[in-house]
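One chain, chain A, appears in both complexes that follow, with chain B as partner in the first and chain C in the second.
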Partner chain A sequence: MMSKVSISHVAVLIITAVLLATPAQVQSSEQKGLEIAEERKARDRGWGDSQADASMILRTASGQQIERKMRMKSLEMQDDGDKGLTIFDQPADVKGTAFLNYSHAIEPDDQWMYLPALKRVKRISSRNKSGPFMGSEFAFEDLSSFEVAKYAYKYLRDEKINGMDAFVVEQTPAYEHSGYTKMVVWIDKEHYRAHKVEYYDRKGSLLKTLTMHDYQQYLDKYWRPMKLSMVNNQNGKSTDLITHELTFRTGLDEGDFNQAMLKRAR
Partner chain B sequence: MKSLWLRNILHRPWWVLLVGILFIAGAGIGAKNLYFRGDYKVYFQPDNPQLLDFEKMQEEFSKNESATIIISPPQGSVFNPQTLRLIYELTDEAWQTPYSTRVDSLANFQHTWAEGDDLIVEDLILDPDNLDSDAIDKIEQVSLQEPNLVNKIIAPDGKASVINITVNMPEKDKTAAVKEVADWVRALSESYQQQYPGHQFYHTGIVYMNEAFAVEAQKDAETLVPLMLLAILAVLWFLLRSFTGTLATLLVIVTTIVATMGLTGWSGIFLSTATVNAPTLIMTLAVADCVHVISSMLFALRQGKNKAEALHYSMDINLMPIFITSATTAIGFLTMNFSNVPILADLGNVSALGVMLAFVFSVTLLPALLMVLPMRVTRQQEHKGRGIEVFGEWVIRHHRRLLPVTFVIAAIAVAASFHNRVNDVAVEYFDHSTAFRQSADFQEQHLSGMSTVDFALFTGEPSALNDPQVLQAVEDFSQWLREQPEVDHVNTIADTFKRLNKNMHGDDQQYYRLPDSQQLAAQYLLLYEMSLPYGLDLNNQVNLDKSATRIMATMENLGSKEFTAFEQRATQWMAERAPALTVTAASPALMFAHIGELNMDSMLKGTLLALVLISGLLVFALRSWRMGVISLIPNLLPAGIGFGIWGLLSGNINLGLSVVLSMALGIIVDDTVHFLSKYRLARGEGKTAEEGVRYAFASVGRALWVTTLVLVIGFSVLSLSSFALNADMGLLTGIIILMALAVDFLFLPAFLMVFDKQQSNEGVRE
Partner chain C sequence: MKKSFLALSLLTSLSTLADTQTYLKAAIEQRFYFQDALYEQQHNSDISVFIEPELYYSWNQGTGSINIKPFVRYDSRDDERTHWDLRELVWMQIGDEWEMRAGISKVFWGQTESQHLVDVINQTDFVEAIDGEDKLGQPMVQFSLIKDWGTLSAFALPYFRERTFTGVEGRFRSPLVVDTDNPLYESEDEEKNLDWAVRYFQYFGDVEIGLSYFDGTNREPGFIPQTTEEGLSLRPYYEQMQQTGLDMLAIVGGTLYKLEAIHRKTSQEDFYALTAGFEHTSVGVLNSHYDIGWLMEYQYDERGEQATSLGQNDLMLGSRIVFNDIDGTEVLIAYIQDLDDSSSRSGYVEASSRINNNWKWRLDGWFFSSDTQTEPTYLLRRDDYIQFSLEYYF
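The block that comes next holds the complex of A and B.
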């Protein structure tokens, strides 16, 4: 009985391997990686705009934690990176601070910040996208929208993750000043959602691991994780980004994402 | 019991050797468990309060152990296209360093400035391909005015610049990690030295200090142990003039080392900068045992006895003295367990074990070996005793003058011993020949010391760091630190706030001051943190919930006294200035500063116990209370004189020297035992003090001279170490042992002849 099972198992494996190996000869792993990325982007196109209430839970290696609260507005752009507006609510001393970002794939983002204590909008001219976001383990780079042009791709292998069949794809940032040398992403085959990302630092060591939890579907099409969990593998710190409420197509347009609006964004 | 043991050895030497070999082999296998730990943490017990403070601070903020590269251009300042390009490229590649988490240099310093309402955040050396004189002038101007950089990253005269690589090394197998990082960074520097000829590269920082500990220990093991063996061979040949005797002694020494290090391995003790010298110590002490046994045997052989008889004679007269001297030496070593430094306690235990094994082997293996090895002795008159007897007569003749003269000299020396003070300068553990010391000296000359003291200021409340009052306290404290003469550089978040405030007001110099509201400060920080690149965040200065900040002071390479005094002054100043803030200070330098004093206190207790135990053993050995009390003089005086000489030579008592007292006590007591026991023997037979002294000189004078010679040579070899803890320990112990002989030969006889005129009652009773 046992041997029968394993023989049929092996047979299936061999057939699968042959089937997989045949197209692999005509398609390079780079091509396959790119195709997965394009499919991932295609499935997420057309969501328009969204508004979210979110918390960040920052934890030290010894388990102390602190919460930060914010609201995030996003606007989908067709030929460029998305636009984002983040309004900070907690801690109290940064309440009302608003951050506007036009993300770009291979150029520095355009960034403005409104400081209510100064009553002024400041443009931030920095090529850095990898600094800590609100002192968390997330860099701004990790939170900005997924764009195909941001990376070079390489399909690595198939693997199961959380019981789902998934592609494992290596992404190399095209942006020169990225904080990472590469990322390894697990994308499920059914919905092309990322479930896990490993970030590698400049010396090629594993720096951080991001896992996505509690995917919800919106507008019958778009999947969003309600919890992002980032663990720094080098210093033991971690941050959870939790979405409390998320609504799509709220009627935001480009007029809501300009410098003038920053001051009024409350 | 004793005769049974002797018969077995003399009649079945092969059997004894077989058992011995089996035991040594069994013990020796334990050597496979030995491993080496070279990091500085081996000097601290896991519950050492300063270590705990340091680790807590590292956890609250980020680890700040670093490997530092100092670059010195061929001439002039670093502000030339070539050197700046070198710094740029080297900085970039330094991120590849194993375990690195952060790289700070002139190149990636995050220069911020304003253009209207634009805040520009840029690397200071942005474009190495377009370094015209304007760009270079700007870099020079910015860096020499930036408090974060001057003295830390750039020399005030621009003649040297630093690339600081922060590493997060695993606590497990740290020694290997240290070596990996140190080798990697050195190789990196070497490749740039070839690309940019004329530039000099120096390496300092905690990583290289750790490496130096390991390298010096290894160097000691590689050079001192063979040197010691050579010295022993030479001395043995000179003293014994017997091939067999020399060979047998060598075999006993080697087997003692093998068995000791093997048992050390079984016990789980690791090797360290301290324990790596245990073999040298043990060899020295083991030779003394063997010399006693063999020279007595040779004496008997020359008098016409056969080998078995000669060995029997030697064992008979030597067993007890060798046991007593070994036991007292072992007690001296065992009291090193009082030390607060775990590896010094290890050294004590390993050496005590070695000394007792040396005793066992020199009364079992040694006679068995001598029994089976061929031995030829030319029968001749013993001439060699003559010299020492002539010397003894001279002492007896002049004892009335010797007593006051030696007394005065001793008194002066003991008075000089008060010149000593407990002082550990960690950098000075390494002598000027070591690469690490040369680098540290270069750094101190051009930039700063390499010692740091980190201060953490806790408000106890999330976000409270942004409170203007708290920030003002942080600023005041930073300024106070900068005013202290021993402080070279202060890294403080207050500077960042002032700079941002200026940037946010269109670079108006008037706004180079702290933000005046908590909201403003918090919003600056939020904005600034987001604009920084990976690795250059503020985690090393500000904790997670912004309730605390770390101020990092770079200090001159001071001694322990100055460090602890500075720490106290600083925390006290802050307690008065801002009582609501909790301040802790921590750093490796402070850890060494505290351990030095703590250790001295506990070692004094240990030494006192050693003195009581050893004196008790002497009373037992000499079977006389009176002699036991008299023995205190020759036992204590040498240490007093030795430390007096040290007071004149150096006056700095470091960690290594704190254990010298109890160690030396255990060794010098041997001379006293031998001399007083022979003296007492003569007095017991009804002879006068003068005759007693004469007899003591004649019977043990030469043996004492010989063993002292061996011991002094042994400790002199140790003093050749370029690691000061070991070298100073060897030198001072050698001095004390030499002084012990002088006291026993000059002061003690004169003292006995003046004060011990009465016929000893105890002696008569026996």
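The block that comes next holds the complex of A and C.
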């Protein structure tokens, strides 16, 4: 009995050693892509909650420029997409309007909009996550949290980006109603942060390019870009999402992300 | 010494956690009526302005707050439409799983778009707009429990607000003007009758359910003709009522299904009414940035032709087009057909867009048609109008 166990142990050890010695040959590009995604998510786990002051700068192809101001509260959820509450401060006609979102990986998000003039909370049909957020070049799905289950992965190649060694990974949305057929993401090897994303539309052509700038580290662990820059490659419009101030672990809990809270968001 | 230091530091920390926010909405509106007025005192155009400032002050990290929102309108034609109101003057205190409001405030209940049967807390400010979406501030004490099993709210409403009606020179009226200075009440306490209400609301993923009960003065008056020195007029009569309401929303695929149903009991009658329909939104239509929403709602009232509401057996079809542009341009078009009387129909258009961060334009139009004298729409048959507004926000 004893010897049987030790023989099988030895066999497992040998197989493991062989696998470890020759990962490139054995591991498929799908597996490697998934591992990169899992590591990316693992490194970002445990941030808890955050509050941010942010601006969106919307630019048309002709150079017209407009600023939107908002405050965002976020809550990390363990086995689901994150929860978010956004309060708009500018333009003045939407001041006081608030948006509540429960994001989900492969299901439609749950979304509500609070209209202060009517004192009314309206449920939003969110099946199509590809709709633009506040008239910007960001779609709702571009702004929701990164969850491993959202995509199928394929490692493409190694490449340098902004002087850093990076993985280039192709992500195919698992969500049926996504606006994209695929995304190509550049992730640096040191911290597993995304630096650039290319979005391909339903016809397979390049639609938008997102670049991340000015990464800052919070709580000695979590990296956040202070500027997200989205350029629409098809119509020449662009949107910058700029974070002015960001605070983690502010004591928010699920009770801060319900309809009652949405109605009194200020 | 220690105590006063503690008090001082407490005060300082409170004031640093305090927050003041101000809002302002104002507009100038020009109306044109397409047909000559039915009654000689009425006019074929109208210019009007309003201003609505709002001050919000909160303390102790927002757990306590007050909100003040007065409203003033001047109308160049109708003295009754020139009016002011305290939309809000309310103190709110919030805890972990509860909230309390005392003062003058506004509450919205319901899910449907074409009419709001369940929503009975606030009185309609009817001179503001024909759609009945504008409400008068309601004195109330509200207490809500916000729990995992849902939100339960109780309301005590100590003072009743009368509905506003257009005057002699205003449009949207019957041949007889409503004598708003001499209302009649069923309750001996008249406008001081203590009304009360409870509401339960819960969200179960793709389904939302609201249940409500109201006991008090009916916000919708009946009318009693009277003869005075100035001639014939209508005295509004406010009954007591008990209303049970149900509102539901369900999401199936990209479609929102909506339902509102009520049972209302007064000393005169006892009836059911409902609004049911759906809203389906297509995003990025024909590869554009536009969203197009399709709305259909059916309105039913058991009282049939005796119904005080416009929708007793009517169908509303509508379309909302959202341009998703920088200016936030939106257009809503709706058509309402009476299913009992093919000649009775109405329609409206609402369009708006931003000019810059503070200015916005808006276009509203209403169209009414009826050949049947007993239809409420018949009274409005010559009141088709288009209104252009320039709005300022700060």
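By our rule, the second predicted complex is superposed on the first by the 243 of 266 C-alpha atoms of A that agree within 3 Å, B and C clash if a C-alpha of one lies under 4 Å from a C-alpha of the other, contacts with A are read in each partner's own complex, and residues count from 1 in each chain.
One rule holds for everything that comes next: a residue touches a chain if its C-beta (ideal position, glycine included) is under 8 Å from a C-beta of that chain, and two chains touch if they have at least 3 such contacts.
Just so we're clear, the structure is a prediction, and the values are computed from it rather than from any experiment.
Superposition note: with chain A as the common reference, chain B and chain C are in steric clash.
Once the two complexes are laid over each other on the shared chain, residue contacts for A:119 go to chain C alone; chain B is not touched.
After overlaying the two complexes on the shared chain, residue contacts for A:160 are found with neither chain B nor chain C.
After overlaying the two complexes on the shared chain, residue contacts for A:221 are found with neither chain B nor chain C. In the overlay built on the shared chain, the residue A:99 is in contact with chain B alone; chain C does not reach it.
Contacts of A:132 after superposition: both chain B and chain C are touched.
Touching more residues of chain A than its counterpart among chain B and chain C is B.
When both complexes are overlaid on chain A, the residue A:110 reaches chain C alone and has no touch with chain B. Legend: residue contacts after superposition of the two complexes on their common chain; A:91 is shown touching both chain B and chain C.
By the touch criterion defined above, A:179 lies against chain B and chain C together after alignment on the C-alpha atoms of chain A. Contact with chain C, but none with chain B, is seen for A:255 once the two complexes are overlaid on the shared chain. Among 182-190, 272-280, 542-550 or 686-694, the region of chain B with C-alpha atoms clashing against chain C is 542-550. Overlaid on A, the two complexes show chain B and chain C touching the same residues of chain A, namely 58, 60, 64, 66, 91-94, 117-118, 120, 123, 125, 127-128, 130-132, 135, 177, 179. Residues of chain A that touch chain B in their complex: 58-62, 64, 66, 88, 91-94, 97, 99, 111, 113, 115-118, 120-128, 130-135, 139-140, 177, 179-180, 201-203, 234-235, 237.
On the chain B side of its complex with chain A, the touching residues are 59-60, 62-63, 95-98, 100-101, 115, 117-122, 168, 462-463, 466, 504, 515, 517-524, 526-527, 529-539, 542, 544-546.
Within the complex formed with chain A, the residues of chain C that make contact are 19, 21, 23, 25, 56, 58, 62, 65, 92, 94, 96-97, 99, 106-108, 111, 133, 144, 146, 151, 201, 203, 205, 208, 249, 251, 253-256, 279-284, 289, 291, 324-328, 354, 357-358, 360, 391, 393-394. Note for the complex: chain A touches chain C at residues 58, 60, 64, 66-67, 90-96, 108, 110, 117-120, 123, 125, 127-128, 130-132, 135, 177, 179, 255, 258-260, 264, 266.
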